[in-house]
């Protein structure tokens, strides 16, 4: 039986911006996340896909407990993240590891790689002090790097190596969940392929739960079996990656797929207009302004994420029929 | 394995060198003992789009910068010929280059936010090349700027004329850059990663726009890209670069459907496509610029490498409607 | 897999040499400065053995004499041996210089750390105090403190230290704020590293380097200030062998015995120049921009 690791129930994250206008009466609200429902089971590999303003980075920060939810609840196992006591917090820090997008920035530039990797091991007292060097060597070899790098500083490593060290550090505490923010963006294709293979092997071997933020549908399909597509703070489609990418039901997912560069398809500007600002969203469906199949009802009702099949969920009043 | 005889002078496909817009012949660029570009030979015809594809360190941006005269002696040493129409670019003085840039050769950069001057309105920046190269009056410039903004799909252009770059979104800023680049109806458009910083749906819009405008003006375009699939969608011809050399060049469909050079093949098997079962990375790393191997620069990482590969550099040979630089083409 | 990298693991000592000593040695002027300073330190350390006379022993019969076999650099108006006073003066200058900077650094960095890390009202209060300290020129501030505390070497150290607290506090706070916003601090928090460990392991090492370089440069300011205050008569008390005091004492005899003021003046000038050369060299050596070209 697969236990649920994370549940998000109608989570919202609202930022109130500085009030404008005379007498400071007009307040502006930025809803970075709106009505997010998500369930993550052990061993799942989930891709969070979205463009700018989709809220994917905010969602991960909420799941890590770095920011509080303005509404709704974020549950880790049975515990509400907003009310974790000291013990539970420590356990959470060990079981959930995060790989930053700025891998180099997430490491202290004045510490050697060996110390950086050993920090979580020492912190959680995972083994004897004498056993640490052997452990570090195994760890760095696991991510395909030579042990000689242990004595270097982060500034001396290349972009691809630094990403892999970040993965190694995430693995050091033997976590149950790994969350990664665009861990392969900006890498050369060959290095990207290496890192992707590494992550895929890790997930397959150790059954680690993975939450991976990416804007690249190809990466999502390679790494993750489940996908959640976000648009302006809401999950608009969610389900098995293969199903969704071959037969999308939400117009945004369809447009995203068409715009994604492929060898076997011509250039297709599937969406007109700009991504609207998340400040003071209008009534109705947030995608209505750019949707190719918008109906009058879409401007009135804001569709929540609803079950289409037991595995798939869509937030659309008129999901794409007979998808091809 | 057949060793194909090396042709002394590379023929350039079906293009007629007489009428070509841009002819690069044996162009080499050296910076501080490192050969950054090694005998590049290319040709661009009027109305064609060419893609320079490669990973970082391939030299594609360097080539683009050299083409518009941003890399000159004494910082770098140049050899070979760069011929734009009938003008030899390597011999051109800076003052003459300034007459070309923004006028006959338009430029689009990757980061529009950095390329646009935050102190001047968008209208002023679009009008600048018009005033400089075409000598239009202020009113004529404004009118033309409005037309240009309309043609690149900026809504309410008259209102936006007086907007500052930071008031526009990333996609809009890139459209402004395109308007500036196309202001004087250039014959050649040089775009260095024009959409890398944009979201994928906006990327599709901007690329479609660029191609539309280029075709409408009957200009040619050179795109510097790292995305192979985008190159296939956008360019008529592709030149794949590795470590400062061109390893394969030809019609994009041909090159990418059936790549002949081991590097191109390796690249293709690394690119993540939807539903791809597995990725095979290319082993090793690109060597540092000052420690390039002799002979074929890809040999240390090549699965087909033999002794001759590290001794002699293969020249570009015509094979199957394209040019390939490899000793062992099946 | 990366094969192109050097796989040997450099040991710690070699790395220290590579990162710190070598860039420093490459600056010729800094090396010159360092050598001169080491000479002064040597003189200061071994003053009791190198001196020929007791620096405060007066011999009115031998007053105002030029350099001779008995008194290598001559005597002053009280008959005290200038050479011995010069050596002990070096001791005093270096001690006051380093002690006041060290004290000011410890207090200033503590205040800056507290302000940067705690933030909020505490930061506001602390920084307003620092602003007050910084509003006065250092010399005036030191004079004011001396007026309150009274004369003497010890009070001089305290006064100078107090006037250095402001600059150190401000600089530390700025660096702490900048480091606080770096991703690796948040990453450490996420991992569950306790706050004190974060400060000790992640914040301090990244804040301390530029401050140490600044501190080195401040030593020359400290020595100049203390000489100035002693010259004005509100520093050390006579007959303490202090260069500033010696210059003041020789003022009245410039025409007949210029060496009384001249010799300590020249010694002071050379030391300050050497300290500045070394300070510049340190700053350039640790500046990542110059490191790249080297």
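Lettered A, B and C in written order, each chain numbered from 1.
Basically, a contact is a pair of C-beta atoms (placed from the backbone, for glycine too) under 8 Å apart; a residue touches a chain by one contact, two chains touch by 3 or more.
This is a predicted model, so every value here is computed, not measured.
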{"item": "From subunit C, the most remote chain by mean C-alpha position", "value": "B"}
{"item": "Chain nearest the global centroid, as defined over all protein CA atoms shown", "value": "A"}
{"item": "Top-ranked pair of chains - ranking by C-beta pairs in contact", "value": "A-B"}
{"item": "Rounded Å distance, subunit A centre to subunit C centre (Cα mean)", "value": "51"}
{"item": "Centre-to-centre distance between subunit C and subunit B (centres being mean Cα positions), rounded to whole Å", "value": "56"}
{"item": "Approximate Å spacing (C-alpha centroids) for the pair subunit A, subunit B", "value": "33"}
{"item": "Touching two or more other chains - residues of subunit A", "value": "158, 194"}
{"item": "Sequence positions of subunit C contacting 2 or more other chains", "value": "1-2"}
{"item": "Numbers and ranges of subunit B residues touching at least 2 other chains", "value": "285"}
{"item": "Interfacial residue positions of subunit C with respect to subunit A in the complex", "value": "1-2, 5-12, 15, 182-184, 186-188, 190-193, 201-202, 205-206"}
{"item": "Parts of subunit A lying in touch with subunit C, wherever the complex brings them together", "value": "64, 66, 89-90, 93-94, 97-98, 100, 102, 105-111, 119-120, 123-124, 144-151, 158, 160-161, 173, 194"}
{"item": "Contact footprint of subunit A on subunit B as seen in their complex", "value": "55-56, 169-172, 199-205, 207-209, 211, 226-230, 232-234, 256-257, 266-267, 270-276, 278-282, 285"}
{"item": "Subunit B-touching residues of subunit A, taken from the complex the two chains share", "value": "51-52, 158, 188-194, 196-197, 215-219, 221-222, 242, 245-246, 255-263, 265-272, 274-275"}
